[in-house]
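What follows is chain A paired twice: with chain B in the first complex and chain C in the second.
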Partner chain A sequence: MLNYIFNPKTIAFIGASEEPKTVGSGIALNLLQSKKKIFFVNIKSKKIFKRKTYKSILDIKEKVDLAIIAVPCAVVNKVATECALKKVKGVIVISAGFSENNNKERENELKEILKDIPLVGPNCLGILNTKNNLNASFAPFIPKKGNIAFLSQSGAIIDSVIDIARTENYGFSKIVSFGNEAGLDLSDYLDYLSKDKETKVIAIYIEGIKDGRKFLEVASKVSKIKPIIVLKSGKTELGKSAALTHTGSLAGDSKIYSSVFKQAGVIEVDSIEELLLTAKTFSFNEPCLNGVGIVTNGGGFGVLAVDYFDALKIKVPKLNEGKNPFDVLGDALADRYEIVMEAMLRQKDIHCLLVIQGLQIMTEPEKTARIIVKLQKKYGKPIIASFVGGESFKKAVSIVEKNKIVNITEIKKAVKVIRYLTYEK
Partner chain B sequence: MLNYIFNPKTIAFIGASEEPKTVGSGIALNLLQSKKKIFFVNIKSKKIFKRKTYKSILDIKEKVDLAIIAVPCAVVNKVATECALKKVKGVIVISAGFSENNNKERENELKEILKDIPLVGPNCLGILNTKNNLNASFAPFIPKKGNIAFLSQSGAIIDSVIDIARTENYGFSKIVSFGNEAGLDLSDYLDYLSKDKETKVIAIYIEGIKDGRKFLEVASKVSKIKPIIVLKSGKTELGKSAALTHTGSLAGDSKIYSSVFKQAGVIEVDSIEELLLTAKTFSFNEPCLNGVGIVTNGGGFGVLAVDYFDALKIKVPKLNEGKNPFDVLGDALADRYEIVMEAMLRQKDIHCLLVIQGLQIMTEPEKTARIIVKLQKKYGKPIIASFVGGESFKKAVSIVEKNKIVNITEIKKAVKVIRYLTYEK
Partner chain C sequence: MNLLNFKDSQELFKKYNIIIKDTDIFNDKESVLKFAKKIGFPVILKVFSDKIVHKTEKGAVITNINDVNELADVYDSLDKKFKDKEGMMVQKQFDGREVVVGMAHDNTFGPIVMFGLGGIFVEILKDVSFRVCPLNKKDALEMIKEIKSFEVLTNFRGKKKVNLNKLAELLLNLSKLALKEKEVVSIDFNPVFLNEKEINIADFRIIIKKNA
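Then we have the complex of A and B:
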């Protein structure tokens, strides 16, 4: 039933406008980029971006699959009534001014009007589907295609996330700003995405969950099929009251949330950056068992890595033929990395590698990068690269990343991501 | 007495070589970049890089202020004896193969030989002084001049740090790889740097402290004059044993270390990135009292920020004329940022601002950046910018950073850094 939201053949946009830098023109221009049949509706204009414009959705003769509503909140329900009469198959209400603004009554009325028609929002940015180039939102652009689905209670975070991802080599399948969840809720999207062929990983930003019981049930099932990674804000007392003002969410007790996530097999992270890095890592890798090998050309990096791993209860099994972390020393050429990496990848209790390289006299970053790529393909175990530096490692980083190996300069973050990638039997 | 180490007039380098990608040629070439008088010593060569080369330091007729030794460990003490006879004013022993390698005896002998001559190392990268362009180390290049001094037990971390800093706009005064501390120890460097005009902030990476009592005494004094920021590794059991193998450090109980740091007024961070960001922040700002104002154009960012601040016990005082965090909303132009920022900066219990901006329809990043710069100058309170995005904020980030305002894309890190900047009355 969500198919009409993500794959509509015809779309009516009610509240279209030509005025620059408004939601009305933003969405209108975004929609025109898709190859769908688009109808603009605006009570005042005759033409918008040179296209015929309708006074009401009811004036459109063809069938309409998806209606997008971005009109002042006072008239949303009137417009929604017309959408129901038109028998649209899905509705996205962008407009704010509902429960998040203490107007629960208006939100209930909206639900009543639409009955069984799937509803995204209100108070949201909209949705994006990279597969069919559909940007039914006011996000500034469509991100690269990829296998990460992103669900967010905050529209602003979606904008930032796609901007951060712009120069990265991972991409998104579908993005949903779900707003107040008057109709469809987080669990409905999870259920839909679990069957979505384009989606391998699901990343979520939330401030609160409406129906905890439903979430626990659905997420438990979905997490067995696809990794779910969540960033939950509104954890502290101050954060909770900020969340209430922002999306009207009852953020609740963070310990209860964490235990629900754990029970449901959902991975909880604690920053936007971690959310993206972890999603990216799952986008490129399969989960692995507990046991990591560390190769480094700087002893200090090894000490730091082991500290972080130990604190997160990740095993660092002794290498049969040497130490772990294995310090190949500052004068190591790439071949020394290769020998140690291969010995580690062959060992049964090492399921994942962290390969750290700082810039030292003999360092060969690009060669090392190619060895990482080669050995990852040969052994199939996940490898996380950590080239610790800047300019000098740009080429090496681009080599591994092009081959779907994640580079994380910050060792602490690399370790955390490996922790998230690890599952227990 | 350390002045001869950092500001020698004449330098003898024993172990110079022409062979590419070796420590001997690396240091030789680095030294030639300075305008000091350099003498190369090598028992076999007559000329190195077209310069006359001496068989022994004793063959040099002129006075030698600083001797740098990078010869096989078995002959270090013989060479050091000649340095003592030559009455040099300071020695740096680069060579490894001493206490870190279970050869405590050789290290004790070295100390005996040099007696009162200040000794850096052994088992180190060397030292750098950006003021006089002196790179008496095998670090690949001299970083930008600036007011951060960096002391590190790991040479590799120095190399990475200067590479990370390469595209940044902060810089370093002096860098010391102190190695085994057979002669000069961490506290000696701290004492020296406390009086160093070029140094405003001191950043340290350590695995263990040799003389805890001395450190507590010296650091307590120095931290009253200049902020000291430390990254201590070897915290967990596994980390401790890795540290022992790396630098021979007895990493000790991390709780004891943390309490010593606290007592001494030293700021403890837990990653290389945090060490650099915090040093950079102190490089540009003065410490401030507890109380932060948050401006954002995305409610979600505000909720995240408040969560992080609350967890770290940073106060988020209510704004007289509104909320804190203050959500200027997604359609905010730069002027709305200006009004809210100014109201916050005027308020007595707000001592620092975190200004968050995500990319939304009306966002004006560059204008916002210029307002941040203007208001920071007007009110003098620290402002941390957090432009949450990538490409779209490049210009804005460069505007604030050029004006010595730190931008931190990751809100969680921005909050941590503000925490470190905060002191209690």
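Then we have the complex of A and C:
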């Protein structure tokens, strides 16, 4: 049912405009970049970007799959009624001025008008599908193709994330700004993405969940198919009467959301940076069992890593041949890394590696990077690289990253990401 | 606020296999003494009333009563002090480690259950865990192990590990109750005593909807 939202053949954009720096022209220009058949609708204009415009969607003779509405909120419902008459197969309402603005009535009316048609929004940025180059939003540009789907309650965060990802080596399959969820809600998108071939991992930013029980049910199912990573802001509310018992008064914070995420098998992170880093890691790697091998050329890095792993209850199993963390020592050339990494990757209770390298006189960063790439391919177990330094490691980092191995300079962050990648049987 | 009375609470719990052992409520001294002899000393005596929310703070709970004479005296003094009551609750003095179990309704997720250790762990440290109903056994065991002070329930200072299965069972039964009994707003079992063999609910409080 969401297929017409992400893969429409024909699109009508109601509220198109030529005026620079407006939502109307932003979306119009974005749409023109796709190879879809686009119809512009504007009650006033005769031509927009040299294309014919229609006064109403009802004046278009062809069938319309997707209608995008970005008109003043007072006329949204009138326009939506015309979309329903036109029998469009999906609607995105960009316009704000609904329940978020205390106008619940207008939102209910919209819901009623489009009750048989999938509805994204209102009050949203729109949707993006990299597969068919569809940018049905006013996000400034379309990101690289990739296997991360991103769902966000905040449009602004989508814009920033797209820009952050520009210089990164991961990409997106679909991006949805879901707004007020008057029609489709978070769980509907999760359900759709669980079956989407382009999507391997789902990242979410939310402030609150509309239908909690539906989310628990759907997310529990989807998380068994694809990893779901969530960044949640804000607190939950509890009925006043419940505060009379301990249970009631203690539940009045974000603990409930965190519990729900655990129960549903959803990974909760606590910053935008972590959300993207974790999504990237899952984009390149499969989840693994608990047990990490650490190789380092500096004792200090190893001790730090063990401290962090220990606090997060990640096992650092003893090596059959040597210690874990294994300190290859400061004079280690790349071949020593290779021997130790191979021994670790062969061991059954080691499911993931953290390979740390600091800069010493003998260090061979690029050679080490190539060994990491080679062994990762050979053994298939996730490897996180941690080249701790700056300029001197630039080449090495670009070698691993090009080969879809995540490099995280800060060991604490690397450990946290490995924790998220780990599941218990 | 609507506190459910003792008899109705006990009826409700029974439907979900939640048994309040060695505990009963009476309105006369003879029955209290008789019941105490039956369950064995030491016992505790509590005034049960929907007017008293904080029983301990109001002096409505006397613990560690060792014989019939002492019990008779305690009965007389409490009976005089608290006129407006449902009855006197006699209960065996349970031992073990104290935990708290409860349920409430969340606006977004509906019925939830809570678990934590008793006393300062719940009051000050707020070291508790939650799950949304329905729970399965895995959820129950996970939420028990999730609290920071979980080790207190294991082989701790010479004490044996408590019976976690009995605790999980209580959480599961409470989850069933929470999903079915729509008029129940929230429940506290506080304290609940756990030892290596059994689980005993020492006190409970059920809040029901105003018009139920």
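What we mean here is this: the second predicted complex is superposed on the first by the 406 of 425 C-alpha atoms of A that agree within 3 Å, B and C clash if a C-alpha of one lies under 4 Å from a C-alpha of the other, contacts with A are read in each partner's own complex, and residues count from 1 in each chain.
By our rule, a residue touches a chain if its C-beta (ideal position, glycine included) is under 8 Å from a C-beta of that chain, and two chains touch if they have at least 3 such contacts.
These figures come from a predicted structure and were not determined experimentally.
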For A:Leu2, using the defined touch cut-off, is the partner it touches chain B, chain C, both, or neither? Pick first, second, both or neither. neither
Name the contact category of A:Val79: first (chain B only), second (chain C only), both, or neither. neither
Partner chain(s) touched by A:Ile408 [first = chain B, second = chain C, both, neither]: neither
According to the stated criteria, A:Leu216 is in contact with first (chain B), second (chain C), both, or neither; which is it? second
Looking at A:Gly208 after the superposition, I want to know if it touches chain B, chain C, both of them or none. Which is it: first, second, both, neither? second
Could you let me know whether more residues of chain A are touched by chain B or by chain C? B
Applying the touch criterion given at the start, work out whether A:Lys262 contacts chain B, chain C, both or neither, answering first, second, both or neither. second
Those residues of chain A which chain B touches in one complex and chain C touches in the other: 236-239, 242, 245-247
Please output the residues of chain A touching chain C within their complex, sorted ascending. 208-209, 212-213, 216, 236-239, 241-242, 244-248, 250-251, 255-256, 259-260, 262-263
Chain C residues touching chain A in their complex are 1, 53, 100, 102-110, 112-114, 116, 122, 126, 128-132, 139, 142-143, 146, 185-188, 190, 205, 207, 209
Given the complex, residues on chain B that touch chain A span 21-23, 26, 138, 140, 152-157, 159-160, 163-167, 205, 207, 233-239, 242-243, 245-247, 270-273, 297-304, 306-307, 309-311, 316, 323, 325, 327, 330, 358-362, 388-393, 409-412
